[in-house]
Amino acid sequence: MAVAFRYPRRVQFHETDLAGIAHFSWYFRYMEEAEHALWRSLGMSVAPTDGAVGFPRVAASCDFKAPLRFEEEFEVVIQVEAVGRRSIRYACTLEKGAQIVAVGSMTSASVTRTADGRVTAVDLPEAIAARLR
Amino acid sequence: MAVAFRYPRRVQFHETDLAGIAHFSWYFRYMEEAEHALWRSLGMSVAPTDGAVGFPRVAASCDFKAPLRFEEEFEVVIQVEAVGRRSIRYACTLEKGAQIVAVGSMTSASVTRTADGRVTAVDLPEAIAARLR
Amino acid sequence: MAVAFRYPRRVQFHETDLAGIAHFSWYFRYMEEAEHALWRSLGMSVAPTDGAVGFPRVAASCDFKAPLRFEEEFEVVIQVEAVGRRSIRYACTLEKGAQIVAVGSMTSASVTRTADGRVTAVDLPEAIAARLR
Amino acid sequence: MAVAFRYPRRVQFHETDLAGIAHFSWYFRYMEEAEHALWRSLGMSVAPTDGAVGFPRVAASCDFKAPLRFEEEFEVVIQVEAVGRRSIRYACTLEKGAQIVAVGSMTSASVTRTADGRVTAVDLPEAIAARLR
């Protein structure tokens, strides 16, 4: 498995809910922000302007171990867990100092748009796969 | 000014913040949801699939008079305040029963994308202007 | 397993992303909105004003089968899959007509706040458990 | 007027909409994130844990001059425009390099919660007012 990439983040006010903690839907956005920062660190974008290939999410899951509060700082630790022929799977851990806040995963597919506008699965471009491995 | 259109809405949990009320950024989304429901009621979409003309926001403002809490029901009352040659201005009131919760406005421009990809102002299509008036 | 509860929803503009589809984080919010509508249908709120017991999310997952586009209408079909001593598990399906758009699940714990401010697990109140079963 | 505080930010994927640009509601969140970073830079939080005084938004407005796209970097330049007896007004500019992306303002009130639970206006604590000036 690839080396872990660390993405530092702070909880914003608008991410909290009436329970006083970051809403669980934000954990998935935190993981995605880390994924995109990882791609940038490798010189790539998940949404290149040529737009030949896209990477829609096919699965996501998260176990929530501890709350995150307004202004708290934490890190998303993301690793490329598997690079398949037509998919990428990431393993994520959210850490607040020594505390594990959440453990999650995300899987994306590799798709392209055909001439008639349909979205269809396509092999992950080798240049991308190589960098992610 | 056109007849007022009423859009009923309920505050969702993920829209609240740690102060226990709907975050102020949501008021702008509530107004926009009402705008799009108004367009649908006139047989139109702000994002038609042909995509010839788009309507980016050029201004938005809101005065917040009262909080909205989780599960509360309210209405966005939206009116087309002005249909210009290249813009549309809406006036909105958020009402919770007899109480005025907020008063806001939004202005959109009418733009198109040229062959070389630039976004440029364009006259509001007459078919759209006529229905909004 | 309890009877399925159906929650109708329409995709809003602000829920779409640059790929032209509802962002995957919204699927979790759609499921939660359905959960809260289910509770209301049973005469309950997940955030009662007395606030004695709270229900933080401990796990959530979703498999994404098909995209949802702006203004499309769909339904979240939610079922109480398991009512444990200190947890509730929901099974959800997002349906667009006859098409399965997504399959997900959410698990919440039952907690209370002690006199010294700590959050601690607590048995699900029987009045709530009985209605959810 | 106080010295301008600069808050750097990058557009995240989930902040874009189907038009391929950051949704206008995000500009208000960008301004608020800058406000809270400004408070932290002064050794304060808008949501202190003692919670004696709160700062609900009473007005917000924005003129949108240019779009922001996925992964673009920009800065929110925020200034305390006026510190009133019971309110704070901020002036904001969003800048992408030399380009003005948006010009906005936000006004917050100073409130407290009375023993019987009502929210009522209260003088801005002098310790806070002094630092903001």
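We call the chains A, B, C and D, going by the order they appear; numbering starts again at 1 in every chain.
Just so it is clear, a contact is a pair of C-beta atoms (placed from the backbone, for glycine too) under 8 Å apart; a residue touches a chain by one contact, two chains touch by 3 or more.
Being a predicted model, the structure only gives us computed values, none of them experimental.
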Pair with more cross-chain C-beta pairs in contact, given A-B and B-D: B-D
Distance-maximising chain from subunit B - centres being C-alpha averages: A
Whole-Å gap separating subunit A and subunit D, where each centre is the average of the chain's CA atoms: 28
CA centroid of subunit A to CA centroid of subunit B, Å: 31
For subunit B paired with subunit D, centre-to-centre distance based on mean C-alpha positions, whole Å: 22
Subunit D: positions in contact with at least two other chains: 13-14, 18, 21, 25, 29, 32, 47, 70
Topology of the chain contact graph, where touching chains are joined (line, ring, star, complete, other): complete
Complex interface listing, subunit B residues touching subunit D: 18-19, 21, 24-26, 28-29, 32, 47, 54, 56-64, 67, 119
Subunit D - residues contacting subunit A, complex: 12-14, 29, 32-33, 36, 40, 45-47, 70-71
Footprint of subunit C on subunit D - complex, ascending: 13-14, 16-18, 20-21, 23, 25, 70
